[in-house]
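Below are the structure tokens for one structure; questions will follow.
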Amino acid sequence: MTSRTKSLIGFGVVAVVLNLVPTVVESLDAPSFYVTFMFTAFFWISQSVSWNILTGYTGYFSFGQGAWFGIGVYTTGILAAKHGWPFLLALPVAGVLAGLGGLLLGMIVFRLRKQSGEIFALTTLAVAFVLASVARLYSFIDGGRGIFMTGTPLPAFLGDFRTAMFRMTFVVAFLTLLTAFLLYESRIGWGMFAIRDDEPVAHGLGVPVFRYKMLALGTNAFFGGLMGGVWSLQIGFVTVEDVFNIRVPLFVILMSVLGGLRHWMGPAFGAVIIYALTDRLNSAGLEDLNQVIIGGLLIILVLAVREGIYLRLRARWKPALAVFVLAIGVWTVFDLGSSLIWDFFYASLLTVAVALVPLKRQPDTAASPASEAMAASDRSPP
Amino acid sequence: MNDVLNQAIVSGILIGGLYAVMSVGISLTWGVLKIINLAHFSFILLGAYVTYQLSTTLGWDPLIALVIVIPGGFLAGVIMQVFFELAKVDEFQSLIISFGIFIIFQSVTRTIWTADFRRIDGDTNPYESMSFFVGDIAVQVATLIAFGVAVAIAIGMTVLLTRTYFGKAVRAIVEDPEIARAYGIDVRRVAVLLSGLATAFSAVAGVFIATFQSLSPNMSFGWFGIVFPVVILGGLGSTVGALGAGVIVGVAAGVATTEWGPLSASLVTFLILIAALLFRPQGLFTRQSST
Amino acid sequence: MSSLTGTGIAKHFGGIKALDGVDIVITEGEILGLVGPNGSGKSTLINVLSGYYRADAGRTVFDGDDLLRLGPHEIAAAGLARTFQIPRPFRTMTARENVALSYMFGQRRHSLAQARQAADQWLEFTDLANVGELPIDQLTLHQLKFLELARALATEPKLLLLDEVLAGLNPTEVEESIGMIQRIHAQGVTLVIVEHLVRVVTALSTSLIVLNQGRVIAHGDPEVVMQEPEVVRAYLGSRWEHA
């Protein structure tokens, strides 16, 4: 059995198990915020993993995640809340419209005579601002009035609101991860990695670079928009300020950089850790500190752990797993945390600390290529 | 003649001067030092808030705040560049790291001055309401001064870059830092000085913003959409280019505002950015060979 | 039988004419040496033929396709590959993955699984089998140059352009590389070699083109071409400048 088949079976098992979570939580009479915690984590997993398909795989750094997310939010908002479309019918439209938005951007920036990663990054930064002003300008989108999503009917088979959110976010996150994995293990994915490493050389060896960059950007935007479409429900009252702000791109970048851009799993890993971190900080009443910590982490991570912690932890998976299990055990037995989420949080922090401990000799993990992945600069073909 | 349109053009030219001052620092560090420093947006914002604070608590004329803001900005630029040199960051990492710095300052600003709008009181700020007429066209003194400063910076930097040893060193670094180093130029020192100068310009822009706009921490996000079109249209590292591009963007946004309403301005500037990238990626005001 | 025919190829950078109407014929199965003083346009010609630069004028027919109208990946699919003077491996991949990548894309498409298998044959051919799993930064310059060759060969080219394969190598490594070039040629690949070491090129190639200031000043049998007065003049001039 190849490793790919094994992984696909793993995907199937995870899908079945996670799908049961809301039912189990309900039957155990456990607090329902566990479900909320998990579906918010799914949201961030999907956003950062899809972002990584563009930025981690092809090396084109994007600030544009907020734009794709926003297109998705407003699409389901307009179609389902304003025009009464069935929500599940509006959802795929959200993904497709965001994907088309990505392709449109790609048609422009990937055709430029002078291409560079920096120009691309700054253009994506501008896209969200433009979309924000378009949304404010036209009343058929928003016109400055916002859209109420509360009371949008959902099909009965999805369960109550929380369970429905869990199921929908889970399906989207699952599809995003599966796509990221299948690309990672395919010819197309490797073509993208070659673009990241040296685009002109990849082109000369036969990689259709334009097509692949479009594919990466389109996939990124599609999943960003699809999850955005689901998320409009959680937002409740959709406004331009809440949707097209710097929050989504900022978190997505941080999560992916923390987890590592070189592996399809990295950003998912980073998403869970950062989300758990901010969730706990917020519940401890430290919202103001949040951004300072996040900004600081971003700086430190870019300089210190260039390959991301996922690859590091994988290389040290035995001590890492031991620490995690031990910590969960100690915390639960001695009842140190006030809830299971706190236990999980402390255990994760300790595990991450394992990844951050610098080791003198680590030939397989401290490989310098990671710095090149981060620094996919020099991409101006003559 | 259409008076409203003429007014929009004149105001656009003048506000274009402010856009140039806001952009010139980022343009210089990007073009010369290959550092994309988003933290400049923080220093524009800080410059504005410090001016507001000095005016409000000490009753200073806003322009006197320059005495504090210029050295403060210079020092911040020096510190940042020293950090970038020590950490040996490349262009790409500088983008992410300075994004982190930007986020931290954003939060700090919000903590100190809250998210409420702040405006310098009319009593201590004579510039806001001061204006005169040329024919039927009103000229706001605050933006006129900013435009004058933009012209002064453009001229001053041109003289500095063409007539002095420092300027020669900067141009040598643009061509090739390694060769510049081989010829005995202290690249690190030149870079630190230039970064200080660039950040001081950004902070100065903040002072002028404080003279005629209400301040809020989130306003810095809106600047991204103005500054990057100006930087790219003007050509990386070009101070004269920044002035020309600032005026183009200012006029285009001003005309768009009068014709289609204020929200269309950022659409128009974005279209200008795209057009600039498509047809003139090296900038309107630079020769093909440079950078 | 000609493999590639180029006529009137021109390329300028700003005011400098790097290629000023170059006519070139590459015959199938030959080793064509491309020589000339520094700045004569050798590298520019390689870059134009392989699609890295877009020519300002001219036409290049290769197996019926006009190369100058194609993008680099289409040129690779048409069966033309090149190496770089300064090796440019994919740095996040191992040597084997580098080779596998070009086999996947190259002239015919192959799946990732096929390519991982097939990479071995080129690693062995270029004596890199024992470093196949190493990260790129652990390879020597000599190995990186061979990796350039392995990667180019894995695209299964009909025509291979070698840009200064020998530059920067010590005499032993030069000997090994010459042997390698001859083995590649023996497999039926048409070769264009650009080299500074004129003696080596003259010995290796079956015909020779001399470029000077963006123009072809001689084309023919290596021994004969090197005696032509204009070639001698171009070379003496350049030697005198660089003395």
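Order as written gives the chain letters A, B and C; numbering starts at 1 within each chain.
One rule holds for everything that comes next: contacts are C-beta pairs under 8 Å (C-beta built on N, C-alpha and C of every residue); 3 or more make two chains touch, one makes a residue touch a chain.
Since the model is a prediction, treat every value here as computed from it, not as a measurement.
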item	value
Overall pattern in which the protein chains touch one another (line/ring/star/complete/other)	line
Chain nearest the global centroid, as defined over all protein CA atoms shown	A
Distance from the mean Cα position of chain B to that of chain A, given in whole angstrom	33
Rounded Å distance between chain B and chain C, as computed from the means of their C-alpha atoms	48
Whole-Å gap separating chain A and chain C, where each centre is the average of the chain's CA atoms	43
Touching two or more other chains - residue numbers and ranges from chain A	none
Chain C-touching residues of chain A, taken from the complex the two chains share	2, 185-187, 190-191, 193-194, 196-198, 200-210, 262, 367-370, 372-373, 381-382
Chain A contact footprint on chain B (complex, rising order)	30, 36, 87, 89-93, 95-97, 99-104, 106-108, 110-111, 221-222, 224-225, 228-229, 232, 261, 263-267, 270, 273-274, 277-278, 281-282
Interfacial residue positions of chain A with respect to chain B in the complex	61, 108-109, 111-114, 117-119, 121-123, 125-127, 129-130, 133-134, 136-137, 245-246, 250, 253, 257, 288, 290-292, 294-299, 302-303, 374-377
Touching residues on chain C, where the partner in the complex is chain A	47, 50-53, 71-73, 75-77, 81-82, 84, 88-93, 97, 100-102, 104-107, 109-113, 115, 135-137, 151, 155
